[in-house]
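This report concerns only the one structure given below.
Letters A, B, C, D, E and F mark the chains as written, and numbering starts fresh at 1 in each.
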Amino acid sequence: MPIVVTEIERATADVAVALGPFGVATIHEAQGKTGLMAPYLRPIYRPAQISGPAVTCEVTPGDNWMIHVAVEQCQPGDILVVTPTSPCEDGYFGDLLATSLRARGVKGLVIDAGVRDIATLTEMGFPVWSKAIYAQGTVKETIANVNIPVICAGTLVHPGDVIVADDDGVVVVKARTAKEVLEKARAREESEAAKREKLASGILGLDLYKMRESLAKKGLRYVKSAREG
Amino acid sequence: MPIVVTEIERATADVAVALGPFGVATIHEAQGKTGLMAPYLRPIYRPAQISGPAVTCEVTPGDNWMIHVAVEQCQPGDILVVTPTSPCEDGYFGDLLATSLRARGVKGLVIDAGVRDIATLTEMGFPVWSKAIYAQGTVKETIANVNIPVICAGTLVHPGDVIVADDDGVVVVKARTAKEVLEKARAREESEAAKREKLASGILGLDLYKMRESLAKKGLRYVKSAREG
Amino acid sequence: MPIVVTEIERATADVAVALGPFGVATIHEAQGKTGLMAPYLRPIYRPAQISGPAVTCEVTPGDNWMIHVAVEQCQPGDILVVTPTSPCEDGYFGDLLATSLRARGVKGLVIDAGVRDIATLTEMGFPVWSKAIYAQGTVKETIANVNIPVICAGTLVHPGDVIVADDDGVVVVKARTAKEVLEKARAREESEAAKREKLASGILGLDLYKMRESLAKKGLRYVKSAREG
Amino acid sequence: MPIVVTEIERATADVAVALGPFGVATIHEAQGKTGLMAPYLRPIYRPAQISGPAVTCEVTPGDNWMIHVAVEQCQPGDILVVTPTSPCEDGYFGDLLATSLRARGVKGLVIDAGVRDIATLTEMGFPVWSKAIYAQGTVKETIANVNIPVICAGTLVHPGDVIVADDDGVVVVKARTAKEVLEKARAREESEAAKREKLASGILGLDLYKMRESLAKKGLRYVKSAREG
Amino acid sequence: MPIVVTEIERATADVAVALGPFGVATIHEAQGKTGLMAPYLRPIYRPAQISGPAVTCEVTPGDNWMIHVAVEQCQPGDILVVTPTSPCEDGYFGDLLATSLRARGVKGLVIDAGVRDIATLTEMGFPVWSKAIYAQGTVKETIANVNIPVICAGTLVHPGDVIVADDDGVVVVKARTAKEVLEKARAREESEAAKREKLASGILGLDLYKMRESLAKKGLRYVKSAREG
Amino acid sequence: MPIVVTEIERATADVAVALGPFGVATIHEAQGKTGLMAPYLRPIYRPAQISGPAVTCEVTPGDNWMIHVAVEQCQPGDILVVTPTSPCEDGYFGDLLATSLRARGVKGLVIDAGVRDIATLTEMGFPVWSKAIYAQGTVKETIANVNIPVICAGTLVHPGDVIVADDDGVVVVKARTAKEVLEKARAREESEAAKREKLASGILGLDLYKMRESLAKKGLRYVKSAREG
């Protein structure tokens, strides 16, 4: 029978918050190219950028009852992660649920399904990453689990893991590695800032990254015209 | 042989106009979750919101001739609904046709195919809901029907039915039920406004909708950790 | 073995620049409905509009090494065209590469794959037409060709051909026909301007294009109600 | 509230049976290219060919309860047509329901959703045209309508209409036009048989259909090499 | 850095073998509707049915090097599960690798990517469930992990878990619950056999499952014609 | 204006025939991984295998007129390649056209669109590789080119190039390189036969291809359990 887990171990709040500005692409690289959700999840408006611990919520096809249950498990700073037990693009979530989540201080929603009322959500500034935008409503007949590990958009999410979401998509950082990932992201960002400056000055990546020799070793040849090739 | 029906029974103008602001999601619910077009129809810009009686137009694949015929059948306040007899994403419609429709007071276009010139359409503020954006042009060789019942994005549309379109998508309201749907939408909206206020104050949906007992009956259990589950 | 062609014949700069403002739809018509890329290529922000000669770059799946090689082959005013040797939606391109291309005066990117860092690219005003937005990074292990003819989004592109890209998509103009296409686009634009004025005044396309007779010949009938049909 | 309509007007049995062997493509042409379901409906095995009156059944996402209700409304020779109120590819139907339908003399199933147990269905020789093959099961919680007009795979189906299904797909023939369509299909088939014989003997379609003149009028030119063109 | 785990805990051989014949749909139900892979995984030929412990293998886009590494980790009776670190439909696997796996007694392959040489694989009777059939070959340049937990077609697979695959798709049974699932599957199968017999005799599901009362409670009404509704 | 090129340079007949049995995957590798059509082209039945020179034919959306023109340009042993000027999945081709092509000795059809009458085509043993199976018919109103270079399923095809098609898909071999590709395919096949024998005897690819050292250099580590990693 379905359960609601009421005590989850959240990643430290300041680490969760600090991860956000580095962006999904940098965080994903910093943790060894893991944890990235599928690219079909898109923000309903842009730009948008949030980070925070995940509360996870299963729903059945065409049934959003458990989102109402999950709302109660959310704390300020959390991000709600909703995933259907079988693929469904119905509009599980609209402005009433967003009002309720906002009242609890929740930062946003990641949902492997559809949402609706997006004009209102956009006006409210309540960010949502979803698989679809679809006015099709849902029923409240079947129960499922809250705060168990779920697979959302192809990626495993444990309750309490950090969600980082921005215009590029959504990435999950495991709660226990969040601090380490934050440090790696900082190091990466610093290294990139230095590179960015050099590239902006016109230095080529070929030289900056010393690629010419390895390209030649692989057999790359420069010719004046394709006929020579 | 194809026909053009010149006298159609339009939904009352003020009802058609009044339905729009309630939005696609509310109208869809108010009429028992019917009449919703498939979510692949998207507005070319956002926000966008219109409502009005439908003039319906069939086109054949890669051929937009009948849109020119349909323009003449449009009256001020109408919405043109175009659907191909076989799926096609070509750019059937661009800024010249939009200029012509605007000259007749048409509010916008819903097309189960592609459109082009969207930068100009956006500048003009002429809203379009389409399946695709594609510069591929069309020919003018084959005829089809205007103002007969059509299936557009999976939904049956009779000429004169009300089309309501916004950022969430497109819904069709049958002409003869439009007034009743309007009343239900109003009632729904009022009920939602009251709920929204309560949810914004922090009252949980679980309590507002009195869900706790029925969830327990279904067997939902609250546990402190997943191990208990 | 892969080659880099260092001397390509670019379309004349002023012709390449002049083609842009006519827009993809007009250019596509002006050259006989050829050269259009598939509609899944979309700009990462709108509005966006560029034109210029193509530098072409092959990449292997999940590997962006050759983009670094291609950067060096770009000149001011060029547009970089990247295509994978097998379909892949990874994020081959981000803000560092954009910084490098901008330093060389490159106008934008057309890529039949994914990009990332789109918030930064948008802030930079560096336009990109891509198949996907995906934070998934790439490696630098395998080589491929630069400046050979490639197929990008279903269309053949020779190095030096003119790329025209806007909110409607992307079209390729062969270098040797660019001037002729420009003239045809101008003629078409003038003709359309005249038509637009007439249509805006309320003249119907049916009359402007003298379609009534040919429609009747095809057998189109006007009836007052569908029952007559 | 949902209803089950218990008395529907079925197309005449012998007409329904006689339509089948002409095949979907011929029937579709014979009735003016109308009534064809979307090509994503595929038979679970080939070859397969059936025809008969439709019993229609709505289901909600992930819920197959109403199929059990619809079974009772089926008579020998019928074809069950199931369509979800919102897109869903769950496995609504398996070998137990097939056993039940077979016991009632039902010829097969057309479902705009998923099915499972296809190895057993294939062994049973019970033909199914579905959108997906998916082992994901369903619940029995929500009700919907049986024997009302439905849209299945993009096509309107009234209860009692004739369904013709084969390896090419599925087409619907309105009950009241079934006899007329049958006659047209026969005429078409005879005409095609004559043509087939001539084409098999080597006579070209260009000559058989006398196309050469009209092609020339459209401006088609024959050249020895593309350079001439 | 990537690792190859050489000692994994496999589900008991006889349990793994015994699960297969119950079929994917039954196993999926028996374990509470969990562990099902996405329906885009399809067998390259039908009928096909296998079960056995999983050896898991990550591959990078367009690179099948790690499959060669994974082969060595396979034991008789195993099923190889291959998943790319980013979506890719290249043909990672062909008849040479199948020959090698067969020599080790491996029962088949589940791959969330493409395969090739399917005519030969079919002749060999080597079953494969794949996302695509694509002749596009791969390189051997980058390494990844073998025998770590992976997500394949949306489902978490631990090395040693039981894979059950048939014409309906693929399901994963956790090694530690395999025996319990087997027992439930047996119970389910027996119950279904009894039901099948009754349904075949013409007893309706409505009566067999005693649904009439609960349908009425939900509000379902039987009417003679839709007008009454 | 559209042209029909009547004299094309075909690849030598015996070379074209000899290429087929090596199969699409081997030919594709033998010519440096070029010329492969997109994997959405699938044979209507399996197994199927043909090779021969291409006659190329453009068609407009929903219009198959030019196929009738192209039939006349076909010679015994040819393969007809049909591609729409804009994507369309209509059933352009059925049993009458197949009868006509067979009368001329044509081996099969490759079409980047839909076909119909597949039960009859299967009975006739006339192989077709298509994008879709769809009973939707076409008209005969617009002309296009025959025997000019076309892009089919993402690949450039010149008239006279060799088409090789089998259960894995379709590959194009340029007429002027066909002989060289044949030799490389033979060499590759011999090398693979030797490898196949060794792999069948149980020798690992890791040893046969001497991969152990390079894997170690890349940093791959073998560990007994994931905890060590």
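By definition in this document, a contact is a pair of C-beta atoms (placed from the backbone, for glycine too) under 8 Å apart; a residue touches a chain by one contact, two chains touch by 3 or more.
A quick note: this is a predicted structure, and the numbers were derived from the prediction, not measured.
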Worksheet entry | Co-neighbours of chain C and chain A - touch as defined | B, E
Practice prompt. Using the contact definition stated above, find the chains touching both chain A and chain E.
Written response: C, D
Fill in: Same or different residue numbers at the chain D/chain E copy interface, by half rule
different
Practice prompt. Averaged over CA atoms, how far is the centre of chain C from the centre of chain E? Could you give it in whole Å?
Written response: 42
Worksheet item: Roughly how many whole angstrom separate the Cα centroids of chain B and chain D?
Response: 28
Worksheet, complete the sentence: Distance between the CA centroids of chain A and chain B (whole Å) is 30
Practice prompt. Specify, in ascending order, the residues of chain F that touch 2 or more different other chains.
Written response: 33, 87, 89, 136, 142
Worksheet item: Taking chains as nodes and touches as edges, what kind of graph is this: line, ring, star, complete or other?
Response: other
Item to complete: All pairs of touching chains, please: list them by chain label.
Response: A-B, A-C, A-D, A-E, B-C, B-D, B-F, C-E, C-F, D-E, D-F, E-F
Discussion item. For a test of understanding, state which residues of chain A touch chain E in their complex under the given definition.
Written reply: 33, 38, 85, 87, 151, 154-156
Worksheet item: Inside the complex, what are the residues of chain B that reach chain F?
Response: 60-63, 86-90, 136, 139, 141-142
Practice prompt. Show which residues of chain A lie in contact with chain C when the two form their complex.
Written response: 23-25, 28-29, 33, 36, 39, 42, 46-47, 49, 166-169, 171, 192, 195-196, 199-202, 204-206, 209, 211, 215, 218-226, 228-229
Item to complete: Note which residues of chain B are touching chain C in the complex, please.
Response: 1-7, 65, 68-69, 71-72, 89, 91, 94-97, 99-100, 102-104, 114, 116-119, 122, 132-137, 140, 142-143, 145, 147-148
